[in-house]
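Next up: some structures, all given as C-alpha cells.
Each of the next two complexes has chain A plus one more chain, namely chain B in the first and chain C in the second.
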Partner chain A sequence: MRSAPAHRLRDSGRLPRALHPIAWWIWAIGLVLAVNRTTNPLLLILTLAVLAFVIANRRTDAPWARAFKYYLWLGLFVIVLRIVFQSVFSQGAEAGDHVLFTLPRISTPKWYAGVQIGGPVTLEATLTAAVDGLRLATMLCCIGAANALANPKRALRVLPGALYELGMAVVVSITLAPQLIESVQRVARARRLRAGRRKGWRVLRSIATPVLADALERSLMLAAAMDSRGYGRTGPATTASRRLTGALMLLGMVGLCAGCYGLLGNGAPRFLGLPAILAGAVLCCGGLALGGRRVKRTNYRPDPWRAPEWVVAGCGVATAVMLYLSTGDDASALNPSFYPLRFPPLPALPMIAILIAGVAAVAAPPPPKPRRLAPSQAGAPSRISEPVTAPKVPA
Partner chain B sequence: MSRTSRRSLAVAVARLLGWAAVAVVGTAAASGVARAAPLSDCSPHSGTIVAVDFAHWGGPLVRGCGLDQHSGYALLHAAGFTTAGDEHDGAGFICRLGDSAFHHGTQYPTASEEACINTPSASAYWSYWLAPAGQDRWTYSSLGPMYDVPKPGEVELWTFGGTNVGGTGGSGVPSLSPDSLRARTSAASEQTTTTTTTTTTPTSTTTTSHTTTTSSSTARTSRRARAPRQRRDTTRRRRHRPSHPSPPRTSTTPIVPAKPTRERASSGSAVPLIIGISLATALLAGAGWVAYRRRRYE
Partner chain C sequence: MISFDRVSVTYTGASAPVLRDVSLRVEEGELCLVVGGTGAGKSTLLGAINGLVPHFTGGTIGGRVTVDGRDTATHPPRELADVVGVVTQDPLAGFVTDTVEEELAYGMEQLAIAPEVMRKRVEETLDLLSLAELRDRPLHEISGGQQQRVAIGAVLTAHPRVLVLDEPTSALDPTAAEEVLATITRLVHDLGLTVVLAEHRLERVVQYADTVVYLAGDGTVADGPPAEMFTRTTVAPPVVELGRLAGWDPLPLSVRDARRRAPELHDRLNGGGPAPAPPPQGETLLRGRGVLVRYGEIVAVRGVDIDLRAGEVTALMGRNGSGKSSLMWALQGSGRRQAGSVEVDGRDPKALSASDARSLVGLVPQTPSDLLYLNSVDAELAQADSESEQSESAPARELLDRLAPGVRGELDPRDLSEGQRLSLVLAIQLRAAPRVMLLDEPTRGLDYQAKHELKEIVEMLAADGHAIVIATHDVEFVATACHRVVVMAEGDVVADGPTPEIVRSSPAFAPQVAKILAPLPYLTVAEVECALAARAAR
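Moving on, here comes the complex of A and B:
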C-alpha cells in the first residue's frame, strides 16, 4: 500500500522535485492582482476552484502545505463579517428591492446623520456585500495557496544578503512552532503512559517544565551549531559603509512612503507619485546591495530555475495582464451590479485568463516524495523510544 | 488535502445553491419601470423638483418632478432618472446618474472615468444639494438619498465635482440659484419645459461668489476629471456671448425636462452562470479525485 504512489507513476517522465518557491509566489501574486480587478462572483469562484485544483495536484506533504484549509475558513469569516456590517449599517431599501428582513432602526443624532444603524436588509445589498467579501476571501486564498505550495524556508533564501539576519530569525521562529507542538505532544503521551494523573494547576507545571527544558536545550544546540558555522560575525564592513547603507535605506523608505501617498491620495502633487516610488526603490536596492556586500554566503544545493518555473510564473503574470487588458472592454461584466437583481455574466477573456493559471497544476513538476513518515502515521510508541525524529524510509 | 478539497467542494455546492435561489427570485420578480411625473405636476407648494447637472460632460441640466416620494432616491427614479450605486456602498450611494434627455440615457460618469467599485473620491462625485421651499440657497445634504425625505416645494439638485468636507467649497458647489429651478405657477413651468435653452442669470451675490470658487478650484481637480472638463470649456467658448464679458457657467447651461428611462428589468441569461458553475465544479471534482488517490496510495 505504501509503495510507489500511483498518481506519481503517471508523471514518471519527470523527476519529482520542489518548484522554486519564487515561481509559486509570482504565480499567486499574479492571481491576486487579477482577482483585484473583478467582483464577478463566477470569476471569483472559478479562481478558488483553480487554486484548489493546483494545490491538490502539486502540494507537498510538509506541515505548511496543509495550511490552505485555514485560509478557506478565514475567507468564510471575511464574507460573513462583510455581510454583517452591511446589514447593520443598512443602506435602506427601495421599491423593487427584495427585503429579506428588517432590523430595528437606531436613531443617530443629527450631527451624525450620515451613518444609519439598522433598517431594512435587502437581498441586493447582501449579495453585493457577499461578493465584495468573496473578492477579499479569494485574494487571501491566493496567498494561502502560495504558502501551501512554496517551501517558506527555501523562499527566505532569496532574501538579499543585507537582510540575512532577518531571514535567519524568521526561519528560527517558523521552526519553533512545530517543534513546540511536537514537544508538547511527546510530553503528553509520556504523561498518559505514566500512572498517577495530576489535576489542576499541577498539570500545567508537569507539562510546561519539560517543554521549556526541551526548548532551552534545542536553542542552545541551535546556537552552538550556528556559532560553529560562522553566523553572527560582523564581516569587513567599515563605519562609513555602514552609515552609507543606513542613509540609502532611510532615504529609499521615505521615497517609497511618499510615492505611495502620491499614488493613492487625492490632490497630492504629481511628482510624488511614480517618480518618488521609483527613486525610493532604486535607493533601497542600492542600500541592500551595499549592505549585502559585507555578508558572504554560499548556497547549499541551490534551487534551480528551469522551464517549469518559467511556465508557472508566466501563467500568473499572463492571468494578471489579461485581466488588466480586458478591464476596458467589459467593465460591467467584470463588476456586475445586483441592482436590479440579475444573473452575473461570464466574460470569455477573463475566464480563459483564470483557467490559464490552472496550467500550473500540469506545468509544475510533481512534488518530491516524503522522506519520512508523517507523525500521524509513525505510531505513538515508536516516537517515545525515539524522541529525536530519525529519518524513516518508507517500506 | 482531501479534507480541504472536500470542504471547498462543500463551499462551492453551498454557493451554487445560493445562486440558484437568487436566480429564481430574480426571474420571479422583475423590478418595475419608473413612471415619470410630468414637470407640470409640481407647483410651488406641491411636489419636489429634482435636477441633475450634466454640465461636467457638456450636457444640460435635466429637471424632473416627483410627488410624495418617500426618499430622495425614489424621487430621482420617479422623475425618470436612472442611478447606479458603487460596489462598496450599494445602491444608496449614487455613483452614476443618467437620463434619456442626455446621450440616450447613458449613465455618467462612465466606467472608464469611475469604476464605481469603491466609494468615489471627494474630488469627483455626485453631490446632493437641497433647498426647502422659500429658501434661495443650497444646503449640502447631511443625509444620503435613501434617508432624505423630499418635502413639497423643495428643490433637490445633483452636481458632479468635488467638495470639501462641509460642502462649502469645491467644483461641486452649485453655481445656479434654487429659484431658477423652482416650479412657478403651472403656466410658467410649462413655458420652461418647452424652451430647452432658457438662460438663467445669477440673482444673488452668493451665487456669484460660488461661481468664482468654482473657477478657482478647476485648477486642482483630479486628473480623471480633467479631460471632460476641457471639453466643457470649449463648449462654453463656442456659446460665449459678447454681451456678458465674463458669463457665469449657468448662463449657457440649458435646462431640459427629464424623460423617463425604461429601466432594464430583465434578469439576464442563466447560461453564463451554469457554464461558470460547471467549470468550477469540474475543477473541484478533479481536485477531489487527485486528493482521494493521494490519500489512498500514500
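Moving on, here comes the complex of A and C:
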C-alpha cells in the first residue's frame, strides 16, 4: 500500500497478463494508417518484420493466435493476384522500359476500347504492381496481427452497451459452431445404420433434417437458459429515445465514412477529412451512450488499462502521425517510382517511425502461460478414461 | 417461498390443460421432489416457477405463481434470475461461454453485480463445488458430472434463493450422478436453499426429499411428506415398492431404513432364494475376437473378446468413455475397428455393404432421432419397408404395433414420447431382420413405465431368438431385464457373467433390493413377490 504509484505500475506491467485488446487494435490500426501512406517496399518489409517480431514475442497459444500464418498466405495471394492482373491488363510499354515478355494481344470490341488485354509486360510495371500488392498485404497482416495478439472474445466484450447483443450473438455462434459440426458427423455416421443408399437430394435431406432439428432444439434450450440467467434485463427505453439513438448512429456513420474517404483517398477534398471524422465519431459516441444507458450489466475481471496499454497504443498512434507529417517533405522517398528503374531509398524519419511500433513487443506484458495441471491431477484417470468428446465419435 | 394459487396451464393447440387448478406451497429451505410419469407436466410445473412457462413456451396460464413475493405474470424469467436458478438435463446446451470461470460469472454480469463482488463469488463457488482445478478448462472438455456441477455453480453465483433442477442426473453415469446429488443435498444443508427437483431415477434422491409433489398425469397435483405420498404414487423406487409389498408402515425411503426392517422379511422368505433362471443356451450368433478401436492416441476398446448367444439379453455397463459405444459400433460394422475379427453367420459385417451389415446386426444409436428424417411415422415406416425389400421380416407397421401398440401414423416422429420414438427406430431396424440387436443407452430419459415396456419388448425379442446387447447405466433395469452383464473399464472387459453374480458382488452396481436383502440372493421386487407367493401357497 505504501509503494509509490509509479513503482506499482511498473511492477504490475511486468507480471504476465493479457494486454487490453483495444490497445492492440489501436496499435494495429495505427500501423494500417501508416502503411497506407507509403509504397516504399523497404518500409513495407520493415513493417512486416516489426509485426513478426511483436507477434513472436507476445502472442499466446490460443487457437486464434495461430491464425497469423493464414493472413500471410492471404497477403501472398493478394500480391500474386495484383501482378497477374497488371500483366493481363497491360498498359503497354514506353521506350526504354524493360520488357520481360509479351502476352498475345486480344482485340477487344470498339465499345470496350478503354481496356487492353495482353501485350508487353515490363519489369517496371510488374514491380509497381508487386509493391502495390505488398502494401495491401501488409495492411491485411496488421489486422491479422491484432487478431493474433488480442483475444477476439475479450475484444467483443469491450463493445459499448448498445452493441452488446450483437457481440453476444457473435460469441454464441463461435461457441456453437463446433457443436454443429459434431452433430453433422454423428448423423452422417448414423445414416449407415439405415443403409440409406439413395444419392443426391435424399441424402442431403436425411442429414439436414435431423441436424437442423437438433440445432433448433439446442438454440431454444440455449435461449431459455440465457433468459433464465438474466440475459437482456433492460431498463425502460422510450420510443423517442430509440429513434434519437437511431438517428445519431446513422448520421455518425455517414460522417465516419465521409471522413475516412477524405483522409485515405488521395484526391478527395481536404475539408472532408478530419472534421468529418471527428463529427461522425462524436455523433456515434452520443448514439452509443444513449443506447447503452438502458443496458445494465458489468464485466467479470475487466482488462485493466494501465501504463503498458498507453505505451502500446501510443506506439501505433506515433507511427501513424509521423508518417503523415513526413509526407510533405519526402514524397518521393515514401512513394518511390520505378520509372526509371532504380533501387528505392530508405528515408530515415519513416523508418524510425515504423521501428517505434516495434517497441510494443517489449512494452506489452508477457502473455499469461496456460495453467499446468496440478501434479495430483496430471495422471488422474479422470482425464484418460473420460475424454468426453473423442470416443463418442467412431466415424 | 414458492406458491401456486389455483394454477392451470394449457399449451396452444392442446385439448386438455397440462396442469389443472394446482395449489401448492414450498417453504424456505425445503428439498421438494417432483414425481410423475413422462408427459405428466413435471417440466411445465418447474418452468412455471421462474416464468419460462408461459413467457418463453407460450400457452395460457390461469391463477397465480409467486416466488419470493414476485408474481411471474409480471416478471419474465430474466427479471427473476436473481431469485430462481434453473439447471436442466443437458448442461452443455445451456452454456453460453466456453470456460468454467467465465460461465460462473456470466449470470452475475447480466445482473450488473460489481466486479469485486463477482470475483469473490466466483472464487467461493469454485471451492464450494470443488471446481478450482478446472477453472480455465474449456467446458466441452470436462466430464458430464463436472459439467453439471459447473451448471449448478453458474446459477449459484447469482445467489438465488430457489434452485430448480429438471432431471439434472439423467444424462450421467451412476458415479457422476452421485457426485451431483451429493452436491445438491450439501447445498440444501449448508446454504438453506430451497430446491425443487424432478428426477426419473427416484431411488437416488427419494431419501433426501422433505416433501414430494406428485403429478398424477391428469393435471392434478398432490403434495405431502415422502413416506405418505409414496403409498399412492404409480411411480416409486424399488425400496418403496419392496416396502409396499412387505406392508411396512411408514414406508422406508432409503436402503438404510429398509435394512433395519429386513430381518422380518428374511424370516418370511425362510432364508431361501429365488428359483434360479435357467441360463439361455442359444447358439452363438456373434463372435468377436480381439476387437480393437482407437482414435489417434486414445484406445477406446483394447482387444475385447465377446460372444453373443441367441435368446440372451446382455447388459453392457461401465462409466462414460469406457468404450461401450465404440464396441457396439465396431460390432455392427459401421464404426472403426483397427484389429480383431467379428463374425456373424460366418461373415464380417465390416466387410459387407451397409444394407447387408444391418441385416446381420442392428444398432439403435444413443440419439435414435438421428435416423429419422421424414415428417410422419407412416412415411418412416414405408421408407423402412422399401429399404429392406429382400428381408422376410414382417412389414414395419406390424413390428411397431407389436413393440408399441397404437402409435398414430400421421404424427411427426419428433412429437412422439421418448419411448415411442425408441420403438419406432427399433421397428425400422428390425425390418431388416437382424438376429443381433444392439441398443446404445435406450433407458436414458425413460420413466419407470417406459422402462417396464422396454423390458417387455426386450423379453419378446429374446424369446424370438434375437441376441440383444443393451448399453446402460441403469442398475435396476439391468437387474430386471438382462441375463448377463459385461462391465467395461478403459476399453477392457473387466467382468462378464450372469447378472446375479456380477451385480451382487459389486457395491456400485448392486440394485436396491439386493442391498436390502443381502445375503439373500434377490435382485428385484418381482422375485421377492414370487417367492412370497410360493411360500404362501405352500
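We take it that the second predicted complex is superposed on the first by the 260 of 395 C-alpha atoms of A that agree within 3 Å, B and C clash if a C-alpha of one lies under 4 Å from a C-alpha of the other, contacts with A are read in each partner's own complex, and residues count from 1 in each chain.
Here is the rule we go by: a contact is a pair of C-beta atoms (placed from the backbone, for glycine too) under 8 Å apart; a residue touches a chain by one contact, two chains touch by 3 or more.
This one's a predicted model, so the numbers in the text were calculated from it and none came from an experiment.
Q: Quick check for you: in the superposed arrangement, does A:186 touch first (chain B), second (chain C), both or neither?
A: second
Q: Let me test your reading of the model: by the given contact rule, A:205 touches which partner, first (chain B), second (chain C), both or neither?
A: second
Q: In the overlaid three-chain picture, which partner chain does A:39 touch, first (chain B) or second (chain C), both, or neither?
A: Only chain B is touched by A:39; chain C is not.
Q: For A:178, decide between first (touching chain B), second (touching chain C), both and neither.
A: Touch partner of A:178: chain C, not chain B.
Q: Return first, second, both or neither, reflecting whether A:225 touches chain B, chain C, both chains, or no partner chain.
A: Touch status of A:225: second partner only.
Q: May I ask you to decide whether A:128 touches chain B, chain C, both, or neither, giving the answer as first, second, both or neither?
A: Touch status of A:128: first partner only.
Q: Now for A:298: first (chain B), second (chain C), both, or neither, which partner does it touch?
A: A:298 sits against chain C, while chain B stays out of touch.
Q: Is there a shared patch on chain A that both chain B and chain C touch, and which residues make it up?
A: Residues common to the chain A contacts of chain C and of chain B are 370, listed in rising order.
Q: What does chain A use to touch chain B in their complex?
A: Touching chain B: residues 1-2, 5-7, 39, 41-43, 45-46, 48-50, 52-53, 55-57, 59, 61, 65-66, 68-69, 72, 76, 86, 91-98, 110, 113-114, 116, 123-125, 127-129, 131-132, 266-267, 328, 331-332, 335, 337, 339-346, 351, 355, 358, 370 of chain A.
Q: Taking the complex as given, what residues does chain B use to touch chain A?
A: Checking each residue of chain B against chain A gives 1, 3-5, 7-8, 11-12, 15, 19, 22-23, 25-26, 29-32, 71, 73-74, 77, 84-85, 87-93, 111-112, 115-117, 121-123, 142-144, 146-147, 220, 222, 263-270, 272-273, 275-277, 279-281, 283-284, 286-288, 290-291, 293-294, 297-298.
Q: Can you list the residues on chain A that touch chain C in the complex?
A: 153, 171-172, 175, 178-179, 186-187, 189-197, 205-207, 209-210, 213-214, 218, 221-233, 296-302, 370-371, 373-374, 377, 381-382, 384-395
Q: For chain C, which residues are in contact with chain A within the complex?
A: Result: residues 50, 52, 55-56, 76-82, 84-86, 88, 90, 92-98, 102, 105-115, 118-119, 122, 133, 135-136, 140-144, 154-155, 158, 293, 295-296, 298, 300, 319-323, 325-326, 329-330, 332, 334-336, 353-355, 357-358, 362-363, 365, 367, 369-374, 384, 387-388, 414, 428-429, 432, 489-490 of chain C touch chain A.
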